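Two complexes follow with chain A in common, the first pairing it with chain B and the second with chain C.
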Partner chain A sequence: MRPLWWTQILAVIRLEMKKTFFARRGLWIYLLALAPVALFLAHSLVEIHLRGVRHEMATQSRPITEQDLAAIHEGMTREEVIARLGDPPASRITMRRMPTGPHGFELIPGEVLRYSDGSTELTVVLEKGAVVGTGTTSGSSLGQDTHIFAGVFQFFFIRLAIFFGCLGIFMNLFRGEMLDKSLHFYLLTPVRREILLAGKYLAGLLAATVIFTVSTALQLTAMLLQFDTATISHYLYQEHGISQIVAYLGVTVLACIGYGSIFLAAGLLFRNPIFPAVLVLIWEAANPLLPSLLKKFSVIYYLKSLCPVEIPVDPGMPPLLALLVSNAEPVSAYIAVFGLIALSVAVLAASMTRVRQLEINYTAD
Partner chain B sequence: MAVYKRTYRGYSGAITPSWSRFLVLFRFSRETLFRSKVQTAFFVLCFFFPLLCLLGIYANAHLSVFSFLGRRSEPLLNINGQFFFTYLTVQSTLSFILAAFIGPGLVSPDLANGALTLYLCRPLSRTEYVLGKMSVLVIVLSWITWVPGLLLFAVQASLSGWQWLADNLWIATGIVWGSFIWILILSLLSLALSAWVKWRIAAGGLLLATFWVGAGFAQAINAVLRTKQGYLLDVGNLVAAIWHGLFRDGVNMGFSVTEAWIALLAFCGFCLLLLMRKVKANEVIR
Partner chain C sequence: MSNTIVFDNVSKFYGDVLGVNRVNLSIPPGITSLVGPNGSGKTTLMNLMTGLIRPSRGQIRILDMTPDQPEQLFRTVGYCSQFDSFPKGLTGYQFIYSYLLLFGYDPPLANELAWQAIDRVGLREAAHRKCGSYSKGMRQRIRLAQSLAHNPRVLILDEPLNGLDPLVRAETIALFRSFAKQGCHVLLSSHVLHEVDIISDQVILLSGGYVVAEGNIQGVRSEIEDHPMQILIRCDRPSVLASRLFGEDNVVEVRIHDDRRGLLVKTSNPNRFYLLMNRIALDGISIESVAPIDDDVNSVYGYLIGTEEAVR
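Right after this comes the complex of A and B.
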């Protein structure tokens, strides 16, 4: 490649930076990227608060073990519960309405006692001096949270947030200039159209990659915020946490590469983004149903194979959701990375042939 | 006559009655609706499923015609609430795509080109303007949702007799109310997006994103916060909950129908607020 071409590509990237990062019409992409961060942050803050409450309860009562909590069952009297667990650190009086007929009801007084061993909270419901129900709640473990993160990452972040974010960023590169009636300024400069396309693609890719990888990193940070240093160290160094984080960041970058190339081409082919958005979304969703040859022409096929944590298929999961989760024919990481980049290069090559014949008709827009 | 002698004279012809004035906007918008061939083709495509359902209902009532396929004692299809629920689900999906085409182009050109003042300087209030623009979507989407739905219901009633009609009148109510709720939500959201997003095509894309991303985010909230209340952010799910109630199929969506109504009313109110903030006349002071 000639040095002049590099200079021109860098010049296009420099010009596009402001439009892709700081445009008012692109603010919704930041919201889309930051929405899951807010969600994980809220979860962590709630968990930290609940852990504090449980710890406070544990210090206010006599030392209780897990066996003590498990020993409480229905039918025990209030005195038996107090004898086993001591005075409750938190309790409240309740009144339950029990229907006695079509229009009448009886008020039944009750009491709810709460105990904690520091990690698990036991709620004991008493009526007429006897236990009528018990329930335990405990904080979420890191293992559970990594599975939930994997689900949110695959279902929401890749399939919707990055998908629509790339639609907004990459379709805007050419179609946005058409609507602003400013593309002819680029076409009048002595720059090859392929170079222009490459520059615009790289600018869009830079913006999408920065926005969404930062979002992924922030989501992981927000998820880990609730755990102590020892648990985080154990996850990072003993349970392949670092490799998982690198894999998530890598998948994010590859998703931006893949969807970016597709939506850049769509911006050259379609005037209305609804067509490509609906078509690509249906194609990606239908990936598990496609024959193995056609599967290779979708981005999600490669991304699913690269996701580090597999989502377990719950027997109660709706069939459609289970189908989306399933990855019947996973490919190796090398093939997945190579396949996705090859797909993107092929789409970009096709776009380059299209951009050579591009004619501007502003009145049509 | 010299040009300077042509002074302003007020319109002295017949005036449209004030109650139907908003329909003037529909009359003019209708002409531009089907200029696009793709849009027209899609609109025609929207009638294929009702036609298929009609054939199914007819075949169901004339099973003897298919005797060569072997003896059948049970009907091919159960024409009940579930059948019409499926019909409404398919048609509402198609109407959503049609609204994504039509809706964004209704208000944004008026705002982008400063034409709103031209409407509002006439005897047309802001409410009538919004009603007029909304009537475009309401009428067009009605053609593909409850109108063919009621036709199917009438055909089934004519084939099955008065008793079936009397027993299943609630289905007709479900078709009409279910469609109206969906059309109202689509119309308000399309107009709000059209008013706030200058680009017509970007508004269409945002309409899709609102529904799909909303559904995905609702699932994410449920998974992360271990709750079912996330579904209250998923407009599609809220409407489905109300439809399940209307078609009496006893499906529990994880939240009550009352909650769904409250959430939908809040959503519609928010869309209306967004819309009315943008639809304002300008006063030019010189």
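Right after this comes the complex of A and C.
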């Protein structure tokens, strides 16, 4: 036999599900979750296209090796380039205006030649028949992309998408029903208010974790889409790819647990969502500046330590950004998970005492 | 075990605003009506009983339970509040069924109880339509069904007769009576004394947050009967209805309303008049509403309660 409290929690989840997953008011949450998927998908598709172009070029010229590409340097003549690499598969004529005095200018004819060995592309810039510059591109590597992913995940996905998504889902659990004047139906059933709160929280958590872990999984898939199986399996099995993916999914779930509890509490305390949203947003952003003790009362503090890939700090970065990126006080994974769950449980416990005091007061606004 | 609902020196303030003050009541089973003009504290008392709000002072016990233990209280109590709102997107049936699951009933039992309740208010045909599409009277009835679906022994109903047409009103009253006959508490509120006095075993009169009279209504009723009451009837053929009413001896005066879409009637015996209206409704004249004119109700209170404050 199922215990009564569990039956009641399931009944609450059943009633809440429609609202948390399919509220018309909540459509933007899906857009927020899908935005980074679209970003990585677009990136991968562009890369796949460019790789196709390079491959095409390689087949249209005579076979070229990496050494051939590296041999081209400034000062070579057009003939020397052609002698080494053959006729270019792609080229275009250019014309540059060079000022000769206050009023006059000279037109300098030039040419851009493009070659590829199939993976790397060489661009040769000629002026007046001689090489004045070269450049190579070989598309993005998986290593670079994992860094981009780490940045998007920390700065867009956790701090904005999950943050505002949880705000939209969890703030409305109680507040939405106060606005609709339908909360009293719950309070007039033989359900302890603590159980009602737990049920609503779990319903919100179910929606948030499904929406955002699916988004994380799709983002990772979209990121890996452009690479061949050998590269991917090397990443997965030799470069801790699997544990990174597990960590990202875990951080996504923990972010929903943490922000969910905070916004559930905020929905009980505030009628207007803007005020708590701004407050929590500032508090979370200011986390690196806070004294060590206060830092621990923040969701991002723990999530940061759990993110598997550190964002490289550029020497040229503005100091404030560098501060945001750097993780000055990393904590071990166990402590981070435990700390975040403890924080959420504490916030939920406080909400429970609050929900016991809750009075129905639809009129005053 | 006590079989009464007890208010022990209960006060409720909304900030500085008085809701009810120093209420002492002991309510036995049967039909009890809370009667008072708008703002007199009826809803406040009912919300206090059901824990939707908490008293600023004093204590409430409902058959030995306190309102802050919903897990016990609502096995016994059903409350149909005055809020005319619903959870979004549910049909009448889903509305009742989903909340019954919160009681811990297994789905077949919840299903059975839901249909029983729907049949009690005669909404079987409309049960699979969204509550949002219901007429005001249907909304009132489905909310009533929801509050009594778990067969409570204490039924609390805030203005349950408001917005019901005469026929449904009679059926609803019969329903309350059947509950009372089984030894249940039925507490209902109304701002129209005549609407409830004949059905009530006990009446509690409220004014300005105070209980001003309590007990058997028989004594005061005869006084009210001598005091003509003004009633506005909205209907499609006022002149036909007027000629029908002229012959009745409890009708003192009949006037067609200025907008020609209603009648103003003065009656010396509102109870008999309401019964008469029920009969007329069956005769095929389409009657939209029958409502006492508010000012007049207040003057009845003034008469009844004997204070200048209530007259205003």
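Convention: the second predicted complex is superposed on the first by the 354 of 365 C-alpha atoms of A that agree within 3 Å, B and C clash if a C-alpha of one lies under 4 Å from a C-alpha of the other, contacts with A are read in each partner's own complex, and residues count from 1 in each chain.
Everything that follows uses one rule, which is that a residue touches a chain if its C-beta (ideal position, glycine included) is under 8 Å from a C-beta of that chain, and two chains touch if they have at least 3 such contacts.
Bear in mind the structure is a predicted one, so any value in this text is a computation, not a measurement.
Undergrad: Clash or fit: chain B and chain C on chain A?
TA: Superposition result for chain B and chain C: fit.
Undergrad: Applying the document's definition of touch, where does A:11 land relative to chain B and chain C: first, second, both, or neither?
TA: After superposing on A, A:11 lies in contact with chain C but is clear of chain B.
Undergrad: If we overlay the two complexes on their shared chain A, which of chain B and chain C does A:193 touch? Say first, second, both or neither.
TA: second
Undergrad: Under the stated touch criterion, which partner chain does A:184 make contact with: chain B (first), chain C (second), both, or neither?
TA: It touches chain C, and chain B stays clear.
Undergrad: Looking at the overlay, what does A:228 touch: chain B (first), chain C (second), both, or neither?
TA: In the superposition, A:228 touches no partner, neither chain B nor chain C.
Undergrad: First (chain B), second (chain C), both or neither: which does A:19 touch?
TA: Touch status of A:19: second partner only.
Undergrad: Just to be sure I read the superposition right, which of the two partners does A:357 touch: chain B = first, chain C = second, or both, or neither?
TA: second
Undergrad: Touching A:79, do we find chain B (first), chain C (second), both, or neither?
TA: Neither: A:79 stays clear of chain B and chain C.
Undergrad: For the overlay built on chain A, what is the smallest gap between any CA atom of chain B and any CA atom of chain C, in Å?
TA: Between chain B and chain C, the minimum C-alpha distance equals 6 Å.
Undergrad: Hey, which residues of chain B end up touching chain A in the complex?
TA: Within the complex, chain B touches chain A at residues 97, 100-101, 199, 201-202, 204-206, 208-209, 212-213, 216-217, 219-221, 223-226.
Undergrad: Could you please specify the touching residues of chain A with respect to chain C in the complex?
TA: Residue positions touching the partner: 4, 7-8, 11-12, 14-15, 18-19, 177, 180-182, 184-193, 356-357, 359-362, 364.
Undergrad: So in the complex, which bits of chain C are touching chain A?
TA: Chain C reaches chain A through residues 14, 47, 50-54, 68, 70-75, 78-79, 81, 83, 85-89, 98-99, 101-104, 146-147.
Undergrad: Any idea which chain A residues touch chain B in the complex?
TA: Touching chain B from chain A are residues 25, 28, 32, 35-36, 39-40, 42-43, 46, 140, 148, 151-152, 155-156, 159-161, 164, 167-168, 171, 175, 179, 271-274, 277-278, 281.
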